[in-house]
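There are two complexes below, and they share chain A, which is joined by chain B in the first and by chain C in the second.
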Partner chain A sequence: MKRILLLIFFLNIVLAVNAQKYMTKNGYIGFFSHTSMEDIKGDNNQVVGAIDISTGEMVFQAVIKSFHFDRALMEEHFNENYMESDKIPKSSFKGKITNLSSVDFSKNGTYDVTVEGDLIIHDITNKISTKGTIEVVSGGINANAKFNIVPEDYKISIPGVVRDKINKNLEVTVAMKYAPLTAK
Partner chain B sequence: MNIKLSINMIRLFFIFLFSFISFGLFAQDDLMNLLNKDAPKETNYTTATFKSTRIMNGHSIERMPPGQLDIRIEHRFGTLNSGAYELFGLDQTANIYLGIEYGILNWLMVGIGRERNDKLYDGFAKFTVLRQSSGERVMPVSVSIFSSIAVKSVKWPDPTLKNYFSSKLSYVTQVLIARKFNQAFSFQLTPSYVHRNFVATELDPNDVFAIGSGARVKLTKRISLNGEYYYITNPKTYMSQQIYDPLSVGLDIETGGHVFTLLFTNSVSMLEKGFIGETTGSWKKGDIHFGFNISRVFTLKKHQKPSNY
Partner chain C sequence: MKTYVKIAIFVVAFIALSAILAGLYLYNLKHTDMAKARPDFIITATALQKEFEINETTASAKYINKVIEVTGAIASVTQAGGNNLNISLKTGNDISSVICTFPAIVDPSKFKTGDIIALRGECSGFTQLFPGEPPLDVLLNNCAVIVHK
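Presenting the complex of A and B:
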């Protein structure tokens, strides 16, 4: 009796861990704002992300201080005045591919997908839905998407003095190159 | 025997069922935990301990990042005790300073400037030695070293005497030690050494030692209240003139690329050589000057991704 229980217990653990997971520690997330006054571009090449191809679940986490800008002062203002990165150091996304059945992970190719989930920026959670592409290549999966966000939706306050320097919509670009998670 | 078996089998069935359900519910969080599990321990370097390279008159540990240029204009009006007729000093100009400063390396910034009184030229270098950090590498304070040379270029009062160029020179060395306690409060200690090559009388020391202190309290995201006080350790009553410890209080207001500072101070000079050891105004007597500093930052070179230096 006890032996059977133990066997069932271990079976469950093994089943959960071996669900097909892919991960990356050098994912890219960038955002861009264009106005006639100035362009703002922030790039983060140290985004940590994972995708579970059996369920279509995707998660990313970005450290705010890892977003880099051409101008040091811009980077300082981004962290100190807008994102308050000392208080809220990370931003994340938890979601899933809604049309998982249209992706064949066993065949190389590019598939159009729709991803829905919670985007958490500045401690505010908003549901987003975006179109993207999943590219199955030998040895990994590449995921790409582009969508817009409104800073005020995440309680990022932009003072009137500089409001015209930042576009009402920020264009966010996500580019992840996942590799299969190796068992430890 | 049969009944016992069937009860056990039911129990077995439910255990089996529930174990699968619990795993299904936590899959997304499982994935998130996976991300955090392997995260390498990072070092988090403290930024923006102060809003600009100065606390009030004196330097803060902040430096210009490499490739950034800072243009500074500083103005000091007359004293509040000049009365209403003089608009409490606003009608008079006590001193003016113009300066240009540049970040050369991640740890080195230089600057030159000129003050109206004594037509004093000043050149300095500020070295970042330690940065406050938490995480993998812990450092409780940020430390910088400041060094400057000042040259008086005002004409000699008596050209018939043998006047030496070296008499025009003064040197300042400071160790700046600061800590950002939290988002709202930062504090700095500034032990300072000023050497004046030529002083008025034998009573005046060539070497002045002081312990400076500075603090800032952040009021809003862009406004902070700053205070600065230098305690001069030399006995102040035996000099040819009564000198006082410089004390300044003011607001730092940041807007985009500018930092505006509005302050009240008893010092007329805005250079270390001047305000440490040559402040003849006293807060108690009302020798308080209203003044402002304007700092405008320009980016000359693109910001490189910071590496651990």
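Presenting the complex of A and C:
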């Protein structure tokens, strides 16, 4: 009897720990550039993301070749010339919600948050801070954010001839629908 | 003007026009329709994921950028964060899958968990949330349904 109680006790700890982690494998990260010459949009629907609601930690990983552009030639340039995705296949983010106490994960609703952390693109790490929202829904958590990045900050060199076709700032949109990580 | 000059001008104009049209064609080229593309590999989801698990470097060199026709049972159908449809195929283990994203909006109601399906797409790589851990999922993009039982 004592052994069974001990096992239940330990299982509860493990389950409780995992009950704090939420994950998605179908996260969305897109970026958008608007110029008078043309609009460029890249969409990635296979972003892996996880959030730990007890610590506010958030991680994302995006495979660069999964960014989809309407025009095949643009996608080719993006991968071969700008991102060098054969050499650097992934991009990631590791950070946390700085105002975690203002989010009540037990109550459905939308909460304004600030997220800070390291954004690693093209093997260059930059600290970023962005406002976003955490939406607590039945059975999950949705996270959304929009922020700007400057390609040159990540040693992404865009040749002079096309520089005017791409905005100095790229608008990045993040949309995640997390589900609880179930203990296996 | 002499006849040969006229012909020369005509030829140069023709070449220039062809070059411009070819350039415009390439510039606006959309992605290959996977339903019509010839697959480089035909493999089950389980076998594909296993190859990445055994050696991610070898598997990456073998499969990334190639057209893969993958067969398996549907593990989940998800409206991705950006509203595209993602179909995950079951593999040999519970946590890994092969994720296929469709290029355009596709009606999700046709697909049920457990359906056996063959999808053709371009392999873009694999995810691995924490380095040192085994690869999580193999990713296919620009997918088209080939067979749906």
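To be clear about the criterion, the second predicted complex is superposed on the first by the 165 of 184 C-alpha atoms of A that agree within 3 Å, B and C clash if a C-alpha of one lies under 4 Å from a C-alpha of the other, contacts with A are read in each partner's own complex, and residues count from 1 in each chain.
Assume a residue touches a chain if its C-beta (ideal position, glycine included) is under 8 Å from a C-beta of that chain, and two chains touch if they have at least 3 such contacts.
Every value quoted in this text rests on a predicted model; they were computed, and no experiment measured them.
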{"item": "Superposition on chain A - do chain B and chain C clash or fit", "value": "clash"}
{"item": "Partner chain(s) touched by A:176 [first = chain B, second = chain C, both, neither]", "value": "second"}
{"item": "Which of chain B and chain C A:55 touches, first, second, both or neither", "value": "first"}
{"item": "Touched partner set for A:27, first chain B, second chain C, both or neither", "value": "second"}
{"item": "Superposed model, chain A: greater residue contact from chain B or chain C", "value": "B"}
{"item": "Segment of chain C intruding into chain B (one of 5-13, 77-85 or 131-139)", "value": "131-139"}
{"item": "Set of chain A residues, in rising order, touched by both chain B and chain C", "value": "25, 48, 50, 59, 61, 63, 65, 68, 70-73, 75, 89"}
{"item": "Touching residues on chain C, where the partner in the complex is chain A", "value": "26-32, 60, 64-65, 78-82, 84, 86, 88, 94-95, 97, 99, 101, 103, 124-129, 136-137, 139, 141-142"}
{"item": "Complex interface listing, chain A residues touching chain C", "value": "24-28, 30, 43-48, 50, 59, 61, 63-66, 68, 70-73, 75, 89-90, 174-177, 184"}
{"item": "Parts of chain A lying in touch with chain B, wherever the complex brings them together", "value": "1, 4-5, 8-9, 12, 15-16, 19, 21, 23, 25, 48-50, 52, 55, 57, 59-61, 63, 65, 68-73, 75-77, 79-81, 84, 86-87, 89, 92, 94, 96, 159, 161-162, 165, 181"}
{"item": "Interfacial residue positions of chain B with respect to chain A in the complex", "value": "8, 12, 15-16, 19-20, 23, 27-28, 30-32, 34-36, 38-39, 42, 44, 47-48, 65-68, 183, 221-222, 254-257, 297, 299, 302-303, 305-306"}
